[in-house]
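Just below sit the structures, each encoded as structure tokens.
In what follows, chain A forms one complex with chain B and a second complex with chain C.
Then we have the complex of A and B:
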């Protein structure tokens, strides 16, 4: 029974990851994006836990806990706390309208499937079949980075990209060593904190965090 | 065998010590310790150069961790000659720097860069393969750039001048690199010995030749790569300007000689014509600009362009004549350019150091504001005068011997035993003679102006009238420089014989020392004996002078007032010739070439149209090559820059978009 449930669980969680990514592109509200990010973090943790239980590796379970804490709780909490503090929670007006953005996401997903099948050396294990989802997440995260105007929304895109990379790592090779995972997670946390401080300074200084206004080049 | 290697090693070690001293020692002792070390570096270079000239082999091989051949520093005789020239200038410059440098020129950086610069120049002439040549070349260029930047904090023009210098020197470096790359690809090795096997008739050799000559011409301040010279040298500290103009440009000539004599001898005739044109145009243009310039250092800088142009003219003539088998004249032309290089090193160093002394005493480089310094700075005036004689190629100086020999070679070049050598040579040689003649005349005018306006007459400004003689430490190198100008001019025979022995091994110009150190070129049958000439002159001149003095004592001197003195016995300083007015006729004659811009402003008294309160005349002579050749190129580059700004507009989204597209492209390309 376990052997039949395992692929279904993997598919479910991978689907959940893709769904949350697509919703992030669709929704313009920053708070909604942050909630989706938290959801995605939890799903990712569940995915890791599933793989860990199936492979029987205790280390992966620890990593899953770490992912849950960092990506599911800590990062969204930091983002949300800062966002609530700022009163003008004006919705993002992206550079791409929602229809076009969803179309782009579809295209990117197709591309990532097309590319992954040709890309070198994917083994035939069950999780590896879901690896294109990770690539699609990376691409969608990049799309968010390019199309969102505000610094904080861009941060969401950056975290989505990071989640995508983590997903690929877990699905193709059962995750990176614990120590490395710890380092990467802390790095991401640090980057987010720094960028948040930066965005805060920006909104104090200019009244908003529209990075389109940052285009003066200096020597 | 060991001598040269040890000499090079000593240079490197002492230079390193000098750098350390410059960095570590406090300001008070920096010049007193760093200066002697720089002198020592140069002295070691002199000794090594003499050893190399005497035909010793050997050197220094520096293996590298990189997968390239080891660096080889083993100067041949020609390299030894240039090492001696460069180091000789280095000794004078270091001595002068010890005594003169104050303020930003005496900073830690400057004193650290000077030994690096000196040793860089010496290593270029010691290199025996491309890699070490280029490495030493870059060391030399970078160190000179650092030295030039010394005054950047108190003069705004230094930065832009340095940019010009850096760009031009990197441009010439690019040419040299490309030229050597072509030769290395054809010969399969970076050593000079292997490169010499490239057949000079092949098209690759021609490409390499043109590239290399252009590159070295840039370092030798030839037109059209000279535009940095009039900007840079006036901004540099005087001893640095002297080192650059006296020594570094010689490295450019050395490079050209390595190409023409060592690597690719026996090329087609058009190579010689090309070099002659390059040299001739530079000589004429340089001396024209020098003759109308009213800034003493700009004048000297342009005159360097002229002298190096003449040296290239000699090299080109020698190549052309050799390709038509007119060997004696070809040898004489080559010898003449080498003599010119040696004598130029002597007199131009002295001139720049003298200009530095004037700057030190008055703080003024504009000739129109100088004057009357002869009485106030007697020793500086005397040495500057001697060096000016050399620069104007007048007898008993080294400059005269060199130009005399060049003219002899050119005159005798177009015919061998009465038969015309070739059409090209019989057209090129008379034209070259005309160029040299015109250049010599203009040079005379230029240095009469340079010396006369600065040192004679009455001071034209308060700074000039209150000038004080410079400290004795600076006199040492001035006097040494002036002495070398005269000695090299009085003993051309031994000098020419020594230089001739350095050109080998393939080419050994036939030259003999005759009489009292006179020089004879048996190949073309000419002879010059300055000492005998001088003795004869003295024999004739002494009775005449005695007669004049005696007759002057008998008759009382008659005083004549100037007609425009307004009845007064003495004219006011403003009534004197200035540098600008002295050169005015010349500017009119060469109006089409120089294209001066004149600006006359007349201020009227009150409402009157007839009464003039003041007339201001401003005349500027800009560099035609800068305004006609470089400005358009720069403008095009600027337009491209504006276009690039559109792609590079500072929007983070655009940059992210670029990387997104690049990422997608890579993914697609990799997977299909």
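Then we have the complex of A and C:
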């Protein structure tokens, strides 16, 4: 690969990841969030493939395919399948209004750049320069988890957080070993399936999936 | 001896598969007990190997059992046996419509914990800890009531987000090892081969990993899932979660600590763990004083004991044998108490302390083991918890952490008073209406409870081989192996 194209591609894909994360905070419709999540999974797979081709590591190309299947197709499909049946109540009324949420995203992104600049070991290679984007995704995922009220929107936040961790892993060290990557993907898939089953039970029992309903257990 | 590394993983998985088939339905209620027995036997085999200075390893070194791993595996098996065997009583375990999934998930849970303690790879250890969340999610929500659904949702969200933070930390540690020229996740090479690891990355990675696993260990301020999950799960599952799952998470913290200590010294994590430990004690103390639910009371007591263990981990190698003995003593005692609490719930039909009066007069078969186990939990000698607590406090004093230890002691006194008051409220007094005939039935198998309490009472006095094993296991973390 041409040496000047590589940093640009890394920058492009990292920018795409950040953009999809910001859009997820901005959009309130669950279905739109899920489509953004799928897009993000595809961008992440492209990023992994780029690093893999540049480093000449066949293993990373396999991982890229795995990311594409799990994060780009399987997880969004699982989430969307249930949401389509319940679109009438898929609109979110978050705790933060959009302006405040976007401002918070900007602050979190600045914070993640500030934190990453103190980790000297992260700045060794071209992809590592983009690592703060991954940290920003983790923080935005937290923001979604804290501010969203519907059970399934929280799931989107959880998956964004997981994508952020994967981004950091790929940008700083070319990903974790393949076996671990498989284990992590399987774990995340199972957690999402479990939460999805619980969200279904919640709809049956409470009539909706507003987690503000979960207030019976306290001291 | 390498086969003993595989039996605690494969046989429970096999039993789990069998439990889901129809032909096995008559025997599947024993799947948890069998799986625990297999884990316990494998653990004892590995302990004998460790005492002869052997370190069995398999699968290219990914599975490895030094003295610490062997000890932890034995604890998992022993606590599992007490919980599942004690839960065999006809009306205590969750044997209803969904018995098949229950009997399949308990062995999977045991196998996941075994893998977590046997893996010499922090990545695999992470995946196993996450697998315990997956296995227990449906067990916590087993009763399918509104409350258990709420507990299960909070547990899975907090548990997996917390453990995701730990993954971020592990990724940073991996990046540090890659920067040092040898990408590895083996904690053995990370902690003992003096790789030139980047201190800033290890510091950030270690802090995040400890924070993440501390969520799973129930340390404050990330403890909020614990009382809900423990009070809603079926009693044997509560016993397993409280008795060993928390300790397995603590084990993960100890392994991470052995990596960071080698690179940036012990000061950093010492501060973190001391704060977490003291906060846990404070949370437990403040919520135990006015506690109304006896299963939640046991859950807060677990937060208390994990807090003290975290302080022990902060003190370092001098307190480590006491912390390891603590893990066994607390596990067995807490499993016993949760099993009895399940029986009280089945007999009395209420989890509220105020509604369970004069148990000693009406149900002496339940009240007597409950009182003995509570006394052991409160740290009356000869319970091994007494010796562990004294060991940690003395070691902390000697290590110059007098302020932390003194604060912990004050909080322990408050907790002692609160727990004593609640136990007396449940057991003593005169019943509202005269009792025709007190029931001496223990409402389930008595032998596992006797064995568990007998072990806690005697284990602290056995210098050889228990003392030798604890010292070897502690030495693993001290850097010399």
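Just so we're on the same page, the second predicted complex is superposed on the first by the 211 of 219 C-alpha atoms of A that agree within 3 Å, B and C clash if a C-alpha of one lies under 4 Å from a C-alpha of the other, contacts with A are read in each partner's own complex, and residues count from 1 in each chain.
Here is the rule we go by: contacts are C-beta pairs under 8 Å (C-beta built on N, C-alpha and C of every residue); 3 or more make two chains touch, one makes a residue touch a chain.
Bear in mind the structure is a predicted one, so any value in this text is a computation, not a measurement.
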item: Partner chain(s) touched by A:37 [first = chain B, second = chain C, both, neither]; value: neither
item: Chain B versus chain C as contact partner of A:118, first or second or both or neither; value: both
item: First (chain B), second (chain C), both or neither touched by A:130; value: neither
item: Touched partner set for A:95, first chain B, second chain C, both or neither; value: first
item: Greater chain A contact set [chain C / chain B]; value: C
item: Partner chain in contact with A:143 - chain B first, chain C second, else both or neither; value: first
item: On chain A, positions contacted by chain B and by chain C; value: 118-119, 142, 145, 211, 214-217
item: List of chain B residues in touch with chain A within their complex; value: 648-653, 656-657, 659-660, 663-664, 667-668, 670-672
item: Complex interface listing, chain A residues touching chain B; value: 95, 111, 114-115, 118-119, 139, 142-143, 145-147, 149, 211-212, 214-217
item: List of chain A residues in touch with chain C within their complex; value: 118-122, 124, 138, 142, 145, 151, 154, 158, 161-162, 165, 168-169, 172-174, 176-177, 179-180, 183-184, 187, 190-191, 194-195, 198, 201-202, 205-206, 211, 214-217, 219
item: Residues of chain C touching chain A in the complex; value: 121, 123-124, 126-127, 130-131, 133-134, 137-138, 141, 144, 146-147, 149-154, 156-157, 160-161, 164, 167-168, 170-172, 174-176, 178-179, 183, 185, 198, 200-201, 204, 227-228, 231-232, 287, 290-291, 296
